[in-house]
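These are the structures in question, set out in turn.
Common to both upcoming complexes is chain A, partnered first by chain B, then by chain C.
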Partner chain A sequence: MLRAAITAIHHCVPTRRLTEAELEARFGAKNVQSIAKLSGIHERRIVEPGTTAADLGFAAAERLLAGRNIPRETIDLLIVATQTGDYQIPGTAYVLHERLKLSQHCIAYDLNQGCAAFPYALAMAQGQFAAGLAKCALIINTDALSGIIHPQDRTLVTLHGDGAVATLLEVAKGEEGLLGFHFGTDSAGWRYLCLPASGARQPRSEETRKAIADETGNVRSAEHFQMNGQAIFHFAIHKVPEVTNEALKKFGVTVADLDLVVLHQANRFMIEQIYKKLGVPAEKQFFYLENVGNLSGASSPAVLSEAVRQGKVKPGALVLLAAFGVGLSWGLVLIRIGQDGLAPIAASTDYTPAT
Partner chain B sequence: MTRADKLARLQDIFRDVLDRPDLQLTEDFSTADCPEWDSVATVQIVLAAEAAFNVRVPMETVAHLRQVRELLDLLP
Partner chain C sequence: MISDEQLRQTVARELRIPAELLQADTVLYTLPGFDSVQLLMLMVALEEIGVKLPTNEAANLRTFGDILALERR
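Up next is the complex of A and B:
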């Protein structure tokens, strides 16, 4: 039975920087500094009007394929994981399949998942390798939440950035590859991360367009992404260490066996608390949010990609990746890097329309 | 532990998190009384209360927590 292995990864973020100074002018210095102190986020990268998550995903994938000289016809599976696609119908996978000039033999579909998307997409790909349906997969995790967040919603504006990651999966050789998965769902919390007027249940109308300020001054309409930050924070602080310990037990490994523990970059305080609860030492931690923000579905693969760029992922490394969010859902994957290592793609990580 | 004892322990937590050393906490005290009691402070208060009272506050309660009484009612 074939197993998949990550053989290349590259990420891309917009060049527009949403700075602390801009946000202080919008929300007041005290508010912004208070959030930044906890979140560890001091700058966010957001798309310019007209640029979409698909554009970011295209740039990341194009650079990855060019950087590794991958013939387009060898890609037989394309999974695009996004919650901010170009259209409700069709999936963004079809838009990008055309733009990337992939072959008609390539399976392509979207995965509607939020911050936990990366392990879910990896599991889908692994299943298709195991079923003999794919041997060379391209996964694109991309989100541009800045377009669906109300500019006066400080709980979200201050945290989120936009970004995309392209990951290449090929048939594993030897011990490398995707070694195990662990998933779960607590649907009692789905309302706490929600874009209400975004589908059939609540069609858009004059009413849904009305912006309303809550008691703390945050403004949003039913057509904007909404988060109950305190519920999500509480969920993550408790649930992620719990399910990570379950996963470690299931995989038969301990933190001591791991070389790197990658977490979804929701905010720095939360990540530090989770690392602390799990007993992950500093040398096995990695942060990538201070200058880009929480990249939503692209966050956890972007951490891995940036760690690769910084030479933190050695050949043969054992990596545990945990991501969590919308649903509420969580996903964990145990990854063994190949003995050849994961060489970074030489291209820039800054988005430009011409790749 | 009496309800008054629990309130006294919560008062220490609220004073620390909200950075208001003179705060006289009452069951009616709410987010409307204190601009510093925002969502970030709520999480810090809940985590501290969970540790102090060895209890897990349900996510639903955390999501809508606005008043001291709502937290006090859950403490053992």
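Up next is the complex of A and C:
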């Protein structure tokens, strides 16, 4: 039975910076500094009007394929994980399949998942390797939440950035590859991260366009992404350590066996709380949010990609990646990096739309 | 069991406000300088002194009375 291994990864973020100074002018210095102190986020990258998550995903994938000289016809599986696709129908995978000039033999589909998207996409690819349906997969995690966040909703504007990650999976050699998965769902919390007027249940109307300020001064309409920050924070600092310990037991490893523990980058205080509860020492931690923000579904693979760029992922390294969010859902994957290592792609991570 | 007064003192200390400001119907967001960040820090502080806070209760914390109710259950 074939197993998949990550053999290349590359991420892209827009060049447009949303700075603390801009946000202080919008929300006041005290509010912005208070949030930055907790979140550890001082700058976010957001797309220009007219640029979509698919554009970012295309750039990341194009650079990865070019950087590794991967013939397009060898890609036989494309999974695009996004919640901000170009269209409701068809999936963004078909748009990107055409733009990337992939072959007609390539399976392509979307995965509608939020911050936990990466381990879910890896598991789907692994399943298709095991079933003999794929031998060379491209996973694109891409989101541009800036387009669905109300500009006066400081709880979200201050935290979120846009970004995309392309990951190449090939048949594992030896001990490398995706060694184990652990998933779960607490659907009692699905309302805590929600875009209400976005589908059949609540069609868009004059009513859904009305923006309303809540008692904390945050403004949003039913057509904007909404988050109950306190519920999500609570879920993350309690559920994530619990399920991570379950996963470690299931995989038969301990924190001492791991070289790197990658967490979804929601905010720094939250990540530190989780690392602390798990007893992860500083040298096995990695943060990638200060200058890019929370990249939603692209967050956890972007951490891995940035760690690769910084030379923090050594050949043969054992990496645990945990991602969590919309659903509420969680996904964990244990990854053994190949002995050849994961060399960074020699391309920029900045994306500027063509004029 | 944590008394109402212990909870009042803990919340006042965490928020750096006089304890007298905290009445059961006090809406946390109306307190001086209170923001969403302070709410998260407060949640951590409450759990550190043993207050059990399920996620669905955390989602609806709004008044000081909501905090008192957590401990009275």
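FYI, the second predicted complex is superposed on the first by the 353 of 355 C-alpha atoms of A that agree within 3 Å, B and C clash if a C-alpha of one lies under 4 Å from a C-alpha of the other, contacts with A are read in each partner's own complex, and residues count from 1 in each chain.
Convention: contacts are C-beta pairs under 8 Å (C-beta built on N, C-alpha and C of every residue); 3 or more make two chains touch, one makes a residue touch a chain.
From a predicted model like this one, the values you see are computed outputs, not experimental measurements.
Visitor: Look at A:235 in the shared chain and tell me whether it touches chain B only, chain C only, both, or neither; answer first, second, both or neither.
Guide: both
Visitor: Could you tell me if A:251 is touching chain B, chain C, both of them or neither one (first, second, both, neither)?
Guide: In the superposition, A:251 touches no partner, neither chain B nor chain C.
Visitor: After lining up the shared chain so the two structures overlap, which partner does A:216 touch, if you call chain B first and chain C second: first, second, both or neither?
Guide: In the superposition, A:216 contacts both chain B and chain C.
Visitor: For the three-chain arrangement built by superposition, which of chain B and chain C touches the greater number of chain A residues?
Guide: Ranking chain B and chain C by residues of chain A touched puts C first.
Visitor: For A:275, decide between first (touching chain B), second (touching chain C), both and neither.
Guide: Neither partner.
Visitor: Considering only the touch criterion stated at the top, classify A:129 as touching first (chain B), second (chain C), both, or neither.
Guide: neither
Visitor: In the overlay, answer first, second, both or neither for which of chain B and chain C A:188 touches.
Guide: Once the two structures are laid over each other on A, A:188 reaches both partners.
Visitor: So chain A touches chain B in one structure and chain C in the other; where do those two contact lists coincide?
Guide: Common interface on chain A, chain B vs chain C: 34-35, 38, 155, 186, 188-189, 192, 215-216, 228-231, 233-235, 237-238.
Visitor: Name, in rising order, each residue of chain B that touches chain A in their complex.
Guide: Per the stated touch rule, the residues are 31-32, 38-40, 42-43, 46-47, 56-57, 59-60, 62-63, 65.
Visitor: Mind pulling up the chain A residues that touch chain B in the complex?
Guide: So the residues of chain A in touch with chain B come to 34-35, 38, 155, 186, 188-189, 192, 215-216, 228-231, 233-235, 237-238.
Visitor: Give the list of chain A residues in touch with chain C in this complex.
Guide: So the residues of chain A touching chain C come out as 30-31, 34-35, 37-38, 155, 186, 188-189, 192, 215-216, 228-231, 233-235, 237-239, 269, 273.
Visitor: Any idea which chain C residues touch chain A in the complex?
Guide: Residues of chain C touching chain A: 27, 29, 33, 35-41, 43-44, 53, 55-56, 58-59, 61.
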